[in-house]
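Here it is: the structure, laid out below.
Just so it is clear, A, B, C and D label the chains in written order, and each chain counts residues from 1 on its own.
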Amino acid sequence: MPDNRISLGQGILKGLALTIKHFISRPIITVQYPEERLVTSRRIRGCDLVWDSERCTACCTCAKSCPQGNIHIETKVRPDNTREAVVFEIDHGRSMFCGLCVESCPFDAIHMGRSYERATYNRDSLVIPKEKLVAQGDRQPSGYFRPQFEETLPPQSLLIYGGKSSEVKTPENPPPQSPATAAPVSEKKEPAEREKVGVK
Amino acid sequence: MQDAGLSIAFWLLAIASVGSALAVVLLRNVFRAALLLISCFFAIAGLFVTLGADFLAMVQILVYVGAIAILLLLGIMLTKEAMRGSPFSRWQVGAGIASVLLLISMIWVFNQTDWPKTNTEVALEPTTAAIGLKLLDMDAGFVLPFEIASILLLAAVIGAIVLVKEK
Amino acid sequence: MDWLHWIIYVVIILAFVLTLVMSFILIERRVVGRFQLRLGPNRVGPQGILQPVADAVKILLKEDIIPSKVDRVVHLLAPIVTFAPAVLIFAVIPFQQAGNGLFFDLKSTASMVDLDVGVLFIFAISSISVVGLVMAGWASNNKYALLGAMRTIAQMVSYEIPMVLAVLGIVLIAGSLSLADIVDKQNIPFILLQPLGFFIYFLGATAEMNRSPFDLLEAESEIVAGVNIEYSGMKFAMFFLGEYAYALAVSTITSVLFLGGAKFPWGLLPQSFIWLLVKILLVFFVILWIRSTLPRVRVDQLMGFAWKFLLPLSLINLFLVAAEGMLPSGFTWPIVALNVTLAVALVVIWANRFYRVGGAKVA
Amino acid sequence: MALKTEPIVVNMGPQHPSTHGVFRMRVTFDGEIIKDLEPVMGYLHRGVEKLAESRTYTQFIPLTDRLDYLASMTNNLAYVLAVEKLGNIEVPPRAQYLRVIMAEMMRISSHLMAVGFMINDMGAFYTPLLYMYREREKLLDLFEMVCGQRLTYNYMRIGGLSHDVPPEFLPALKKFVSEMPGFIDEYDQLLKENEILLARTKGVGILSKELAINSSASGPVLRGSGVKWDIRKADPYLVYDKLNFEIPTGTVGDIYDRYWVRMVEMRQSVRILEQAIEQLPAGEIRTALPHLVRPPCGEAYGHIEAPKGELGFYIISDTGVAPYRCHIRAPSLINLTALKDMVVGLMLADAIITLGSIDIVLGEVDR
């Protein structure tokens, strides 16, 4: 039953006490974005796909599984009777990053990316051809449906641990292997850098 | 110097008050007319200041601008055709004659009255305490009229509450 | 007539108002941000102190839109009529009293003009800003603006009465309408002698300057900023600055009337303009604290609160002050204790009664 | 004394800060009293039901995220439950428990938003909302950890889940579950007894018990009116019959009751989470199915207790790879139809918070 007591102003006073308590003693949770960055989830479905031309057999499963029909593939048959993707284009402007293409790839040739800064000035540059789709620079694969990468990525920072990485307060989990094969996205996202925010 | 300044101020305020009063009557847009009425009240408050009646000037603004004119504006906002103003009616001629007669009689009365004149300089003193004493002093003041007016206002307030009380 | 005095004070007041209004905007955003565990603007300049400048530049460069069906003259005049009174109020504020100060001594009270009817002047002038808001609401030819203007009228007219009655208590104690005299008489801050009066005045003033929880005039979630919905660019900036100038005015008046103006409490330290500034900021902080805690009341509850809660209390308060004035002098501390007790008791009793007669319509 | 007054018609929306999206109310006012209200919907219509007919069963899951975008996980859940019912697909127990965990996390998150925005509509300058956002952010972190996204999760799959949760998920969730009751206490301290909130919400926007049932309302709106109806109890799905929790009901059906029901439901959700974490079995999280699911010919209605009410997917299969027809019973839409009955005779400000207390999401209303 909802409480039906009549109050004489103590409710407002309680509220004022709570806000002043927050004013004085609670930590600020703002992350000042361009300078401070949170470590994203190991499974992040970031805003680009990473394509591995070596592993791709141009089977087009990803194109078929895409709900939007965003993946455009044209193939040709090589002399050794394998197929090769001549055109492999993804329209990121229409993508909703559901990850179904990554999930369906039978050869682990396509991965979700880890970056989340892919704004451009025109829509044409959102259609990404295969030359730009390969892993390079900060275009690195995430662990979404790719457990082999997931192990190597830095742990996500969680607000519940004050914005620090999830590994800090859970010593029962072994620290991750050194990120050799799949490096973190950039230098800025090291957990040590991130810890400044939590203590602020 | 100060006299000249006061004269200039008086004439400016007089022109402003008469001009805005005329505009109130002549303008078709009722809302603008009400705004000009406010400026008329202001000019009159300024006239009070030139006469050294600081308390009265402030009360003029507080009561007439702050309360009466504002309520007038509220009334106008609730009217539908405020922008078009009041239409011509057959009362126009009668009202014109009545106002001309009133003007003539007032001018006549002003001219006939033997106004007491003083040649001594009136010192500009704070008037608040003097007004208070005049109103509430037991011997030399107007306590009885003051209290009668209070009772009248109280009755009006109660009457207003009774009128708008929810049934 | 000392023309130099006038010119200097015009400059001082304009500088005082504009700098403090600018810093109020920043302080508000930073403090409310801190209440909400955010940082607030901190990008422009160190700690964001240039943010108001950036805002001003932005707003000046905005397109000045005049909607096609507005009453142009009234539409353009409205921001000026709203802004000007807020600055005019400072003409009578005593920034420092005559006599020994902390850093320098003054021969006369530091105010532009020490009017004998200073308190009346403040209320008279502040009632003008309503006219500006009504003009804006009417001339904008917008239904939300009209609703906002109607709310403004109802709110301002209602809250002026308990406010003036509450300040009358101060006037009775001080025996003068002049602000300099009122500050002179405050050997102890009048908030102790007049706790109930302060309570009523502060709530009334919060409503008069459209601050939460009485910000119905703007009520973004209901009438989408009300009267200034059709304003843009510099005209909007005038409204915006006017609102903060009015907040500054209310903080200043509260400091002068109830907190002893430029005096340090009990005269422990020499008086100075700095104490006034500290008090102003303190009052503004309380306003922000309330703003960041409370939701808005409804328009009929607002009116009920003014007429059924504040008005009777202010009348009782006035009566009590008058009765206490009959006592021989020298009972300061007993009277303080009595008044604080009475204030708390009266507020609680009246709040209870207010609920029971259905003022707040709690089912 | 009866003054003749002129009613004014105000179009609130589609661009209005408090209509929670592109929703329009044509309101007829007499002064500030509402005489009539006509909801106008359809500004966000995207034809989701029709799109389902041209997507495979799996491909439609990401589109369900876009319905009630504040509770995407439950949309996923309702849809996959309907498809599993249609295809008689068994779900492994670990997946069932994880689904319950996700659904209850989503309920807390959605209720935090609902209450926060309702208070915001009431004019509290974002403070309660931001305090609630802080907790929601922690939940979003956990969702991101599980499935890589913070808003459109696409986590449920037909026959289970897309992933198992990572090892660091459960410790973090346990920490959240242990802290959350304290935060709910804080919200209560800030809001529950606040006189202004009481005055604004008590006895305002009343939806009577009969009208609530007749208008087919569900969720906190129905329970606020005093009807003890919760699909988790009435037609238990997943493992809700193995968990202990209570259904809060209001008495009057006013805004305060709906607010109160949401606050208590959050506490109950925390309770469910505690039990589900404890009982969580190990094992598979997904039944092996062919890549293209082809349910047998027939029709099925899968419904769950979403945060906003009964969310149902009615799916007809013609043994193809895509549904022949998919109908979505959106709780927001059906609760919204009772709006007019709640607000006529109230004031403008009441209409805004009544709308806020219904907790609509336009993505779901217009579909």
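Worth a mention:
As a working rule, a residue touches a chain if its C-beta (ideal position, glycine included) is under 8 Å from a C-beta of that chain, and two chains touch if they have at least 3 such contacts.
A quick note: this is a predicted structure, and the numbers were derived from the prediction, not measured.
Counting only chains that touch, the fewest steps needed to get from chain A to chain B is 2.
Of all chain pairs in this entry, the one linked by the most C-beta contacts is A-D. Between the CA-based centres of chain C and chain D the separation comes to 43 Å, rounded to the whole angstrom. Taking each chain's centre as the mean of its C-alpha atoms, chain A lies 26 Å from chain D. In whole angstrom, the spacing between the mean C-alpha positions of chain B and chain D is 61. Centroid to centroid, with C-alpha atoms defining each point, chain A and chain C lie 50 Å apart. Multi-chain contact residues of chain C (touching two or more other chains): 35-38, 150, 292-294, 362. Residue positions 127, 131, 134, 190, 194-198 of chain D are each in touch with at least two other chains.
Listed in rising order, the residues of chain C touching chain A in the complex are 31, 34-39, 42, 289-290, 292-294, 347-348, 351-352, 355, 362. Contacts from chain D toward chain A in the complex involve residues 55, 58-63, 65, 127, 131, 134, 137-138, 141-142, 144-149, 152, 154, 162-163, 166-168, 171-172, 175-176, 179, 186, 189-198, 250-251, 256-257, 260, 291. Residue ranges of chain C in contact with chain B, taken from their complex: 1, 71, 73-74, 115-117, 120-121, 123-125, 127-128, 130-131, 134-135, 137-138, 146, 149-150, 153-154, 156-157, 160, 177. Here chain C touches chain D in the complex through residues 32, 35-38, 143-144, 147, 150, 212-213, 215-216, 219-224, 291-301, 360-363, going by the rule given at the top. The touching residues of chain D, counted against chain C in their complex, run 8, 10, 16-18, 29, 31-32, 119-127, 130-131, 134, 190, 194-200, 202-203, 252, 254, 347-350, 352.
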